[in-house]
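What follows is a group of structures, each given as structure tokens.
Same chain, two partners: subunit A is paired with subunit B first, then with subunit C.
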Partner chain A sequence: MPDLGLNVIFKGRNFIRLLGGLGVALKISLIAVLISIPLGILLGAVMTWKNPITKAILRIYLEIIRIMPQMVLLFIVFFGTTRALGWNLSGEVSAVIVFTLWGTAEMSDLVRGALISIPRHQYESSEALGLSRSQTYLYIIIPQAVRRLIPLSINLITRMIKTTSLILMIGVVEVLKVAQQIIEANRMSSPNAAFGVYLAVFLMYFLACWPISLLARYLEKKWR
Partner chain B sequence: MKKLTRLLALVLALALALCLTACGSAKKDSGVVYRTLDEIKKSGTINIGVFSDKNPFGYVDENGEYQGYDVYYAKRIGEDMGVKVNFVSTEAANRIEYLQTGKVDVILANFTVTAERAEEVDFCLPYMNVALGIVSPDSRIITSVDELTADDAVIVISGTTAETYFEANYPNIKLQKYDTYANAKNAMENGNGCCWANDNTEVIAFALQNPGYTVGIPSLGSQDTIAPAVSQGNTTLLDWINKEIEDLAVENFFHADYEATLVDTYGLDYEDSLVVEGGKVG
Partner chain C sequence: MSNIMLKVDSLTKCFGDNTILNGISFDVKAGEVIVVVGPSGCGKSTLLRCINALEPIQGGSIVLEEDTINPPSKNLASLRQKVGMVFQSYDLFPHMTVLKNVMIAPMKVQKRKKEEVEAEALALLDRVGLKDKANSFPRELSGGQKQRVAIVRSLCMHPDLLLFDEVTAALDPEMVREVLDVMLDLAANGRTMIIVTHEMSFAKAIADRVLFLDGGSIVEQGPPEQFFDHPQTERAQRFLHTFEFTAVKAHPALAEE
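After this line comes the complex of A and B, so read on.
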């Protein structure tokens, strides 16, 4: 069996450090998810309004966030705010801001899509049954929209978790950076450690994202 | 709808133009943000940007502690200034940005002095030499680039200075490019090339750890130095570090640093050629 550098993972506090790095990644992405889902739902509902001004503003916001690579957004928030405004944001705070902006934008578009996918006759039928506008949303539209949203938002959440691998560029030491540190610290003694360490990182991301997928599948079944 | 799209495009274009001019002007007049020596002392903590994955210059050991040649010196700066050191993990690509935004006070991340970089940051006195080197098997030791024939392939790692150096100065020499250190090492051990060109520190370390290989050319190409860098215009800190480097020569500090951190990797033979003491390049 070739040396895959698996021993390196358990040297000293390396494994704990990897877990700590995963913790940092999860903390940042989950805080961002918790803020951006309610905000995204709100904005998504606003996006379905006919008002041209709100429509234009939200459209610009969405397009800007969608077009910019996350790395650029991270640099703008982390370095750009210091240069232009003199704010000294920490790497973690900058990351949460960027991921929240991004998550909110994408979530709002998903919500908008789910809402307008509900056929017109659903609104009309509920009106015919004498339901008020808020009752229509509460009992007819939102339950259907939420069900359509689940697979899409799970996709977004796992993407947010995985994209935290970029925040090492603004000095946040997360799981991927710890992995690189371990690989490089043992570069001479076990040059193949990269395989073992990245395998461990893969498993960690998998174990972090898989339960979320399971939850989604469960919810989809339950709410069918 | 068409009207809306047109309006949108206009707003976007305006926003972009505004942003561009704003960024352009901000760079000019607000300039670089930094903390002076007194401000650092008053805060009680100095932020030093180091590599966290460049063994043996700046890396994190298995206990999560920063170690290495750069880190050893960084700790001494903290000690002599009487402040705590906060290590910031930097990448090769963002070192200058960190200084320009004052997110770190000093960069001690194996930062090679170049003319382009000196326009954006202020370099202090150097504390190490760096050049290219070539390692070859004992069966045929290459001691000069002229010995290479048309059949010889030189192993290089893509994106390193060795690659650029050979492409610029010896376009006729065949290069065998590998993406990672591990692949280049395997190629060398399999005899895929006649020799391996890399930073001299790298080839020295390789020869030392792999019997049967010798560094025939320990120093090739331009002689560069590695120095601490501070934000442009931060003269109080620059002067303090320069004086510190000069003062430390009395106790041969960087030799001690070498012996504490680099000797395992490079051996004692190269101590004097790699270390710069008191900022004076020998």
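After this line comes the complex of A and C, so read on.
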């Protein structure tokens, strides 16, 4: 049997270091998620307004963030702002900024979609029953929108967690960077460590994201 | 019984330059059942929507008992409690059970006690034969059952006036009957109703008075026997004629055999 370099994972403090790296990745993505969900809900509601100016501004924001690869955004915020504006942002802060910008844009579009997918006669029959505007939103529209939204936004959260694997490019020592360091350090003693260590990284991402997507599938079934 | 409940006076409704209702005037007495008929696009549905303050009006007035109906008015919520409306599309709230659908407005708008509302909701559901569906979700019901729930949902608010906007138009033929029977039952109990429908024999059976709308005006009105059997105007005759068919046999020889 070929040497798969599995022993390296548990050598010294390697496993703990990998977990620490995963912790950094999760911390950044979760902070970004916690900021982007409320902001996204707010912007998504604003996007359903008929005002052409707010509509245009938000459309441009959304398209720019969508079209731009996340890596380019990371470079602009981390390197670009340092040179152009003299900001001294750490890698982690830059990552949180980029992931929040991205998450907010995607979330707002999901919210907008969920809100406009509620048929007009739901508003009308609620009003016809005498419910006020705010009661209509509280009891009729928002509960239906949230049911459509939750599976989609959970999917967004797993995408944000996965995409943190890019932030090693701006010098953040997250799980993938730790893995590279471990492989480099053991190049002489275990030249095949790459397989085992990256396998461990794969499993860690999997264990972080799988429960979340299970939850999404459960909710989707429950609410149809 | 001759007290006027609803008074519509030279009501005008436009969408932009397009006049939908052009000076409509009629009264509804308490306990009266009015059926509104007319070709599609004649403004029947818009008329009901105006009466329920879903549309702002451009001229004339709608007075329900003492209150003037027009969307900007402050007392909209109390007005809407007096008017129940059932729409053509199945408009139940899909995320709530049948019982919750019926109970939400009495509890949230009228602030009535849960126990009392629940008892009434179940009694009303029982009356339309749907008590066993109280805990089902709308997606588990047939079209006819959904419309019966929608009617119950309106009734539970104790409205003085009920509006029905082509409630059977989207139903399969065999489900139309069960909904119409509920409405006949309401009429027999002296409910005041305005019904827009394309079911002519039903209209004849339930109406105290028929309004024939065409081109945004009331062209003819009268008791159903008179309207259906002896329409006075040429337009009404032409409209009623569209519901009749002359026998056409492709092969007379076969028919004779």
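By definition in this document, the second predicted complex is superposed on the first by the 214 of 224 C-alpha atoms of A that agree within 3 Å, B and C clash if a C-alpha of one lies under 4 Å from a C-alpha of the other, contacts with A are read in each partner's own complex, and residues count from 1 in each chain.
Going forward, a contact is a pair of C-beta atoms (placed from the backbone, for glycine too) under 8 Å apart; a residue touches a chain by one contact, two chains touch by 3 or more.
It should be emphasised that the depicted structure is a prediction, and the values quoted were computed from it without experimental measurement.
Going by the contact rule set out at the top, does A:Q122 touch subunit B (first), subunit C (second), both, or neither?
A:Q122 sits against subunit C, while subunit B stays out of touch.
Touch test for A:P38: subunit B only (first), subunit C only (second), both, or neither?
Touch status of A:P38: no partner.
Once the structures are superposed on A, label A:G23 by its partner contacts, choosing first (subunit B), second (subunit C), both or neither.
The answer is neither, since A:G23 touches no partner chain.
Applying the document's definition of touch, where does A:K177 land relative to subunit B and subunit C: first, second, both, or neither?
Only subunit B is touched by A:K177; subunit C is not.
In the three-chain superposition, say which chain, subunit B or subunit C, touches more residues of subunit A.
Touching more of subunit A: B.
Which of the residues in subunit C come into contact with subunit A in the complex?
Per the touch definition, subunit C meets subunit A at residues 52, 54, 77-78, 80-81, 83-85, 87, 89, 91, 93-95, 104-105, 108-110, 139, 150, 153-154, 157.
If we count contacts the way the header does, which residues on subunit A are in touch with subunit B in the complex?
Against subunit B, the touching part of subunit A is residues 11-14, 17, 52, 55-56, 59-60, 63, 75, 78-80, 82-84, 86, 88, 168-171, 173, 177-178, 180-188, 191-192, 194.
Applying the document's contact rule, which stretches of subunit A touch subunit C when the two form their complex?
119, 121-122, 124-132, 135, 139-140, 143-144, 147, 223-224
Over in the complex, which subunit B residues touch subunit A? Could you list them?
Per the touch definition, subunit B meets subunit A at residues 4, 7-8, 11-12, 15, 22-23, 26-27, 30, 33, 52-55, 59-64, 88-91, 93-94, 97-98, 100-103, 180-182, 185, 205, 209, 265.
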